[in-house]
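So, here's a batch of structures to check.
Both complexes shown next keep subunit A, but they swap its partner, so subunit B is in the first and subunit C is in the second.
What follows is the complex of A and B.
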């Protein structure tokens, strides 16, 4: 009867079951990447009646390197990543520590972490754009009530304030996912470790740095990797809050690629920009994976 | 960390902070949606709505085809969820159960498929779908969303399949079931909780997606909720109370879903969940 399990047809069945997944990955990921690289060598505009694509060789790449918009968007993307990833980690850790206190009813706290996670990024952008409204926004109202400032801040109309508002929104939105991952990590730390530390006379602060943080490291790294990958792709929140403005001071790489390709239909140049972003992602994530490999 | 547990106040404050952080934006939008136009331009702004009105909700549905956006979102999200589950359950079963040589390589490939920046894939997908006349169809969104969901759904399902004793299946086959019969009668019912968890994650992913929906389905009748609502604004006007009402309409279904199944969602997220 066991022979049924060693049936050679099992191998065929396995590949048959895997086929749909791989066909879809081929269609939606592998083929597009090949096509993307191919397109990046052409002058390919979908606007205005077609006509063949003109082979440009490396011209698009030379143009990208000289393109101030590209470097501006790259700078913004990296800056957003550098600010919001650690920001979300710190806030997420804070939320996770608060949520880890022993509550009798766990659902209100759990739901308050799940709701921001489930909220679309674009909705977070819309809601916070309203928060940061100069005249009727609740942020300026709170600032006024606290007596911190009499003149309302023009949050979304000034480059640096708009950038700050976007980063705060991203941190709020992404910290809840961080908190959920870190909370799961916190709950796996054995209580006995703290009891032993208590006996040895370690104070809360020492316990935090010498037990909580080291034990939480695997969760922190997982959360950081995925947050970084998504931070590099930042689009929804700046798009819904400022459309990249004022000027292009909050435009990210994803927004620039979207604008070039989907709005201006300049597929060739947009593809070259995308290849640039692709390389950037590989550099940043491989740096991360390298660090993780060393820690493992 | 072991704070002084005895302090009840501390716990209440902690819970309060977490709850306010999570709920305040949604609550503020709810308040805004209930305010009248005149109340909205009062200064200083009011916190509690003074004269509650449902006018904004009426306008949210009449100014824009909100009902259409809602049904588009439902069709796309449900379609993507069903197809994601089917495709990833097949793959997960093969990885977890069958005699497969490159198990780890295959799983890694599936996970790695989610690492690529979506916007870089968008460019060629847009071009291909445009050539195939697929733009502004449900298919245009469902297919990419299935790939988006593959890693998380496959991870969740692999761990569920692995938790079902293989002997149960073998016993069924000894009793004369075919492999497919055993799969359908034994494994599928036992894996149902995992399928459900993966399904919720897939649904939320598809419900929330913005960039592809904005780019591939741009015509008014094919917009999903995130895209449709982000376009309520005019060139120079932001009808905030109406946008707020539309947001509440869009948030309620997803909020109910996660409120009812919160334990499942948290379990799924931490088990295989790797989404930002």
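What follows is the complex of A and C.
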């Protein structure tokens, strides 16, 4: 063994060099996922008397399928993804195009792009919760000043309005991330293409659809994949804005998992819900990579 | 001095220092957020350190609300972390923590359940789990009905005894003052721990119980529905705000302090805010009274308060238990009452001359706290609280009808509290 190490073959050396990476991935990726799946087969209720874990087989999974809260949270999570990902893409593209204009001083534009991205999610949620507050919120103040209505809207106490407010906040928060990726993509497009198009008589609109969008497609797909994965994990903004309310009309899957494991101390069932979310993420992302990635 | 002597001296000094540090025990205490007054706790720890030179006490703070503190401690204790020796827990938690195996039974240190005799019954009961002393009472708290004494005098109104009387009194004041920003009554309707009390107060005041002695749910759906309908009626009458489902504990305190509320239900700590805060518009104008009852019922309030518990994972349990006994003693209770207006858990402290001199309103507070009721004691309190507060808030937001909401609470809690 020692002699082998002193004089390793190329193959052995390759394995040796890869070993730290394998160990690291094993510890931080494979082990937690394995442990999560393992826990999902047990009754691991920490409030249940301190006894050992009881093996339940697939019982937790059968319960999840019958759980109305799980389906409500899944529906909310998917809706948030379906609304906020395209919303952030459109807004992010607008911001990126704006930042790409030939300003003499570029830093104020870029700084304003970076700020929402740099703000912690829960801060953004708290700030917008104040914006949408019935009495003290700036949104109702603007609506009143515009003379649109006299009676204030209870934004966060009406299910549809609360959902809208959350989606708008998420779009505001995440579009700058989209914009940053798209801005990098925009700057890779050679100016000569636009100059040639000008010569050929193409107007700005034609240039946008025929040059900018096709050339930007790889960046758009990268941005969409990242944003979709994080949208499926939405937690902080609805948690700080509505706590899933009114009732549980804005509760997401991540919030339901947090509530089950941390509030209810039901680690077994919480793990099963987390496996559900994991599967959902895999299905959505594979579909994405398969359909969207193929067209890139 | 010879070099060898110097070496011997240095070795001797380091040995003595080593022995001293070996005898020194450091206890780490989690004392929650500002409402648990870590500043005053520190003063008591200093007294303890003087009396016990071998023990040093460090303090850790964090989490502004009971839920946040519960979440933090759940994470630390679930990991069997020995970093924290002692912590303050809400009155609703001893059962949950004890059943999870997170707190050390204190019987052998304090001499059994007899040690809880001097305390108010509600605290003695909450701290005995499965026949063992789970924790020791630190200080009490309760929901009080604060009111504007000046406004009641101005309109020659007596303290209301029922919710209907309160509604009538509030409307008289609101009409008389003609100020559209003046609320009649402020309660907590946001989905926070306070909303559990918002659900229970009218229900209890109809003479009903939420659970039996074994913790089993005994919900009277009709009475609970009437209680929630009563809150909505107060909204319709303009006594409470339309967005009551958005109101949190600090919002009630701030609005009452700004002179925008005639009656307000809040915890004991709010008294000092009304009396001492520089921006208080109601200094000297505030009264405290028992909460009104439903017609034919009896006044009831929701008891809160904090307990000292020793971690099961502490490496210095005996010293930790010693500190807990000191912190729960009548002398410490008196210190906290005089210095910080924290309500005592020992009945005799309420009548102590020094306490009455420092906080005269404790005379009235004693009646309220003694008659107070504990929220359901359950090993699965996290679930109980979440179901009740979320549904209560949804009813107050009119997303669910009172009847549907109460049926949902019963359906979900029947599985949890059996």
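The working rule: the second predicted complex is superposed on the first by the 265 of 296 C-alpha atoms of A that agree within 3 Å, B and C clash if a C-alpha of one lies under 4 Å from a C-alpha of the other, contacts with A are read in each partner's own complex, and residues count from 1 in each chain.
Note that in this section a residue touches a chain if its C-beta (ideal position, glycine included) is under 8 Å from a C-beta of that chain, and two chains touch if they have at least 3 such contacts.
The structure presented is a predicted model; accordingly, all values stated were derived computationally and were not measured.
Trainee: With both structures lined up on subunit A, is it a clash or a fit for subunit B and subunit C?
Mentor: clash
Trainee: Check whether A:156 is in contact with subunit B, with subunit C, with both or with neither, and answer first, second, both or neither.
Mentor: A:156 contacts subunit C only, not subunit B.
Trainee: Just to be sure I read the superposition right, which of the two partners does A:246 touch: subunit B = first, subunit C = second, or both, or neither?
Mentor: Second partner only, subunit C.
Trainee: Is A:270 in contact with subunit B, with subunit C, with both, or with neither (first, second, both, neither)?
Mentor: Only subunit B; A:270 stays clear of subunit C.
Trainee: After the superposition on A, what does A:46 contact: first (subunit B), second (subunit C), both or neither?
Mentor: both
Trainee: In the superposed model, which partner reaches more residues of subunit A, subunit B or subunit C?
Mentor: Counted on subunit A, the partner with more touching residues turns out to be B.
Trainee: Contact-wise, after the overlay, does A:31 reach subunit B, subunit C, both or neither (first, second, both, neither)?
Mentor: In the superposed model, A:31 contacts subunit B only, not subunit C.
Trainee: Thinking of the overlay built on chain A, is A:259 touched by subunit B (first), by subunit C (second), by both, or by neither?
Mentor: Second partner only.
Trainee: With both complexes overlaid on chain A, does A:134 touch subunit B (first), subunit C (second), both or neither?
Mentor: A:134: touches subunit C, not subunit B.
Trainee: Identify the partner contact of A:229: answer first if only subunit B is touched, second if only subunit C is, both if each is, neither if none is.
Mentor: After superposition on chain A, A:229 lies in contact with subunit B alone.
Trainee: Given the touch rule stated above, what does A:77 touch, subunit B (first), subunit C (second), both, or neither?
Mentor: Neither subunit B nor subunit C is touched by A:77.
Trainee: Which region of subunit C runs into subunit B, 3-11, 21-29 or 75-83, after the two models are superposed?
Mentor: 75-83
Trainee: Just to be sure I follow: which residues of subunit A are touched by subunit B in one complex and then by subunit C in the other one?
Mentor: 46, 133, 135, 262
Trainee: Along subunit C, where are the residues that touch subunit A in the complex?
Mentor: 67, 71, 74-75, 78, 96, 99-101, 190-191, 241-243, 245-246, 379-383, 385-386, 390-391, 393-394, 397, 399-400
Trainee: Taking the touch rule as given, give the residues of subunit A at its contact with subunit B in the complex, in rising order.
Mentor: Against subunit B, the touching part of subunit A is residues 1, 4-6, 10-11, 13-15, 17-18, 20-21, 24-25, 27-29, 31-33, 35-36, 39, 46, 95, 97-103, 107-131, 133, 135-136, 138, 141, 144, 172, 174, 176-177, 180-181, 184, 191, 194, 198, 204, 207-208, 212, 222, 226-227, 229-233, 235-236, 239-240, 253-254, 257-258, 261-262, 267, 270-271, 274-275, 277-278, 281, 285.
Trainee: If we count contacts the way the header does, which residues on subunit A are in touch with subunit C in the complex?
Mentor: Residues 45-50, 133-135, 152, 154, 156-159, 243-249, 259, 262-265 of subunit A touch subunit C in their complex.
Trainee: Under the definition above, what is the set of subunit B residues touching subunit A in their complex?
Mentor: Against subunit A, subunit B makes touches at 1-3, 5, 10-11, 14-15, 17-19, 21-23, 25-26, 28-29, 32, 40-41, 43-45, 86-88, 90-91, 93-95, 98-100, 106, 109-110, 113, 115-128, 130, 143-144, 146-147, 150, 154, 170, 173-174, 179, 204, 207-211, 214-215, 218, 225-227, 229-230, 238, 240, 243-244, 247, 250-251, 254-255, 257-259, 262-263, 265-266, 269-270, 273-276.
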